[in-house]
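Per-chain numbering from 1; labels A, B, C and D assigned in written order.
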């Protein structure tokens, strides 16, 4: 999405950081229950929520509980009772939340939780990185990664629209990079409340499973073991979860399209192509690193190199088909990650892109770049190096990978 | 694109100043990206904040390594931090100090210095050395890149925990009025 | 709650279990109607709540009685004895 | 009494009041023969009734089929498995939402084992109590993880055999005392805290009345001791007898607390029988030697002394304050 050259500020214009943008996105979505617990670099986000509720800007029940495990647990209860729910977490908080976190998609609870992404200990570190979010990519939550503060604000209502869609009914993590987006300040135009209300429509989050004396039922009865109908029952629900994930791809596209029609802001729902028409090599990026990468692509284009870029917005479900198509004509791909896939000794996004490209008839070389760990800055110069390496790989050179972009930063 | 780096100490509001400046620039139709350097902002420890603005969309969400302007809101932080690091030739220094330009050791590629006794003004207004908004006035005076009215409008939209709006408006105006600009010889053309 | 949930969403159950535990017993309580004064002690302590009230005595619902023997032990009037279940 | 005369007495009066009320569980629950937890569940929910939401965290209570099995439920009210660790939190979320939408008359409650309460679910119970979440939390204390094969929990008493505190040449049962959860709840100044035993059912019903009422005002905690015939090595028919002796020996004390009235005994702890008489009836204590028994007796005496001080202080404090002359510091 590109913005006009100059923008007139309006009464809905704010100049805020990503955490506040997320809090506004949440407030505009009118959750009934919000649970909070602080963790760097998410803390100011929950402070904003508490402030909004204290000031009456947000009519939600504020549950300031004793830890992330309970943050998600109180939301499970509230959601099963019929409430729309929101929270945010990061890194160690996400790790502590894992037990109810794993359960959320199985219960098909359509909640939205912002992940303010951060590197996880150890080594001890409180700075940005995407290791937390990437570590939970197999758990069954939808994951969308934002590039700008405005996109954070807009993506939260979009996430509710996706989560609560009858064909999906899955929880969504709206991810934004710790530090660079969480604390970075930029212009955000708040959508009008009526626009968000009309976009989200009627709320109905527990039609499928509820804890209500007016409709008594057992939620999550024990599934029997081998030698009975237990395992086949279990498979039916697991397949249902997969079907929800698969259905989410189209729902995500439609929700972004709908949002664009109402607000004029058309965010790329699954992936964004940048200068890919005639590109011979491509970078793949995710999150807030993308802007600097686009600047580097422009610089390379000025030098006569045909470089393009594919940004991933939706990482779960993985949009394998559109990625395979977008990268079907290049001669080499460089994937830039802000996290590590330990088992494969590469970046996790790299591993996913590699798998997606197996569908293409032509085999192209891929190279894994890992940067931005522990809050490191991935500058246009770093991306320039990644482009140069990818061009060399396209020309037939072999290169050992991963390449750690900040390895020699001082 | 114009890039600004703000140096201060934890508790002095360097990060808040970058947010206020960002809001003022947005009010003038600019595109802005302001990022604090990430540290533990303990009271007294050196702090850095970055801000870039442009008439075109800004895409990079990165730190600033070659600032056009450096704002130093604390008179002594330059003892422990190289405030001129990476500065572009022809750049501007906006410094809180009681000194005159002639008494300062400045890098040769600097084009302009704007000096303001921000602590003196702050003690008069706040009874405490809070210099951040004063130095925004100094920046406006030194560069002409933001209007004083826009700064005042941005202040009006800011939540101040420790000081009043009126005091801060006075601070930004006095910072603007009481800043002394010196064009350095090498670049005086 | 505007639609029926498909059976591959969240595991839920709305129908009651029909399991009965009467076949767990090795010993069966037998009530001496003459001794029973309807004090309800057996009812009070029966874990499966299988004691049923009759006109002049309390009896046992053998469809669910597990044969724990608490009723016989607790009966203050020794009106209940545990007897061995027959094999057929 | 609808038909025929009932002997007047404790059991009869409860039957008259609650006999006609609906058993909220299916007739067939797979609790062990003589299961005291099943007895507690059925009586508690008979009193609570249909306008409730029930959490049964992993353990014997759902294990016997209350949340159901293979697509059938064992309970007539909305029931769910929370995680072992998050019962009080899930309930708090349910309550807050219903309060927000004006449905304030629903009893939001747990029937939870001791493991999920005093061990890994403790943070959630403590947090909910600290915040004064309006829920009824019933802890069914069978002194260990009986459902998974009798492992020790923080509520397992000193000396007890469990499958993880076995008896051998080097170790002879649990070497630490039980965590006193009801007292911890008192320290949280919960809206209501009480202990109860199924041997004293009238009292249990009275406490339930007060606990339910308190659960609309704040965190309401009822701790019910529940001997496990299987895990404790007690004959199925002797379970109520075990309950009775645990109370008569002061191994279990019966009391209740509110922040307003303080702590009071609901059954006098005076003239107890020796703890050894109780321990001899319980198979898991069969191995205890004289020193271990003396340790248990000493802990029981210490506990009663502490409770008496608390009960006495609260009872006399207002009068004492009124009577005391005004003092100035010197």
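We adopt the following convention: a residue touches a chain if its C-beta (ideal position, glycine included) is under 8 Å from a C-beta of that chain, and two chains touch if they have at least 3 such contacts.
Just so it is clear, the structure is predicted and the values come from calculations on it, not from any experiment.
Chemist: Return the chains shared as contacts by chain A and chain D, ordered by label.
Modeler: Joint contacts, listed by label: C.
Chemist: Where are there more C-beta contacts: A-B or C-D?
Modeler: Ranking A-B and C-D by C-beta contacts puts C-D first.
Chemist: Based on Cα centres, what is the most central chain?
Modeler: Of all chains shown, the one whose C-alpha centroid lies nearest the global centroid is A.
Chemist: Taking each chain's centre as its mean C-alpha position, how far apart are chain A and chain B in Å?
Modeler: Chain centres of chain A and chain B, defined by C-alpha means, are spaced 35 Å apart.
Chemist: Could you grab the centroid distance between chain B and chain D? Build each centroid from C-alpha atoms only and quote it in angstrom.
Modeler: 64
Chemist: For chain C and chain D, let me know how many angstrom lie between their CA-based centres, rounded off.
Modeler: Chain centroid spacing, chain C to chain D, equals 24 Å.
Chemist: Return the distance between the CA-based centres of chain B and chain C, expressed in whole Å.
Modeler: 81
Chemist: Residues touching two or more other chains, restricted to chain C: which are they?
Modeler: 11, 13-14
Chemist: Which residues of chain A are in contact with two or more other chains?
Modeler: Expected reply: 210, 215-221, 223, 233.
Chemist: Using the contact rule from the top, write out all pairs of chains that touch.
Modeler: Every touching chain pair, ordered by label, is A-B, A-C, A-D, C-D.
Chemist: Touching residues of chain D toward chain A in the complex: what are they?
Modeler: For this pair, the touching residues of chain D are 50-53, 62, 65, 67-83, 85-86, 89-101, 106, 123-124, 126-127, 130-131.
Chemist: State the interface residues of chain C toward chain D in the complex, per the touch definition above.
Modeler: 11, 13-21, 24, 37-41, 43-50, 53-56, 61, 63-64, 66-70, 72-74, 82
Chemist: Which residues of chain B touch chain A once you look at their complex with the stated criterion?
Modeler: Result: residues 15, 18-19, 22-23, 26-27, 29-36, 38, 55-63, 65, 154 of chain B touch chain A.
Chemist: Which chain A residues qualify as touching chain C in the complex?
Modeler: Residues 106-108, 166, 169, 204, 206-210, 215-221, 223, 233, 236-237, 239-240, 243.
Chemist: Please output the residues of chain A touching chain D within their complex, sorted ascending.
Modeler: 32-33, 35, 61, 63-67, 69-70, 73-83, 85, 99-100, 103, 210-213, 215-224, 228-230, 233
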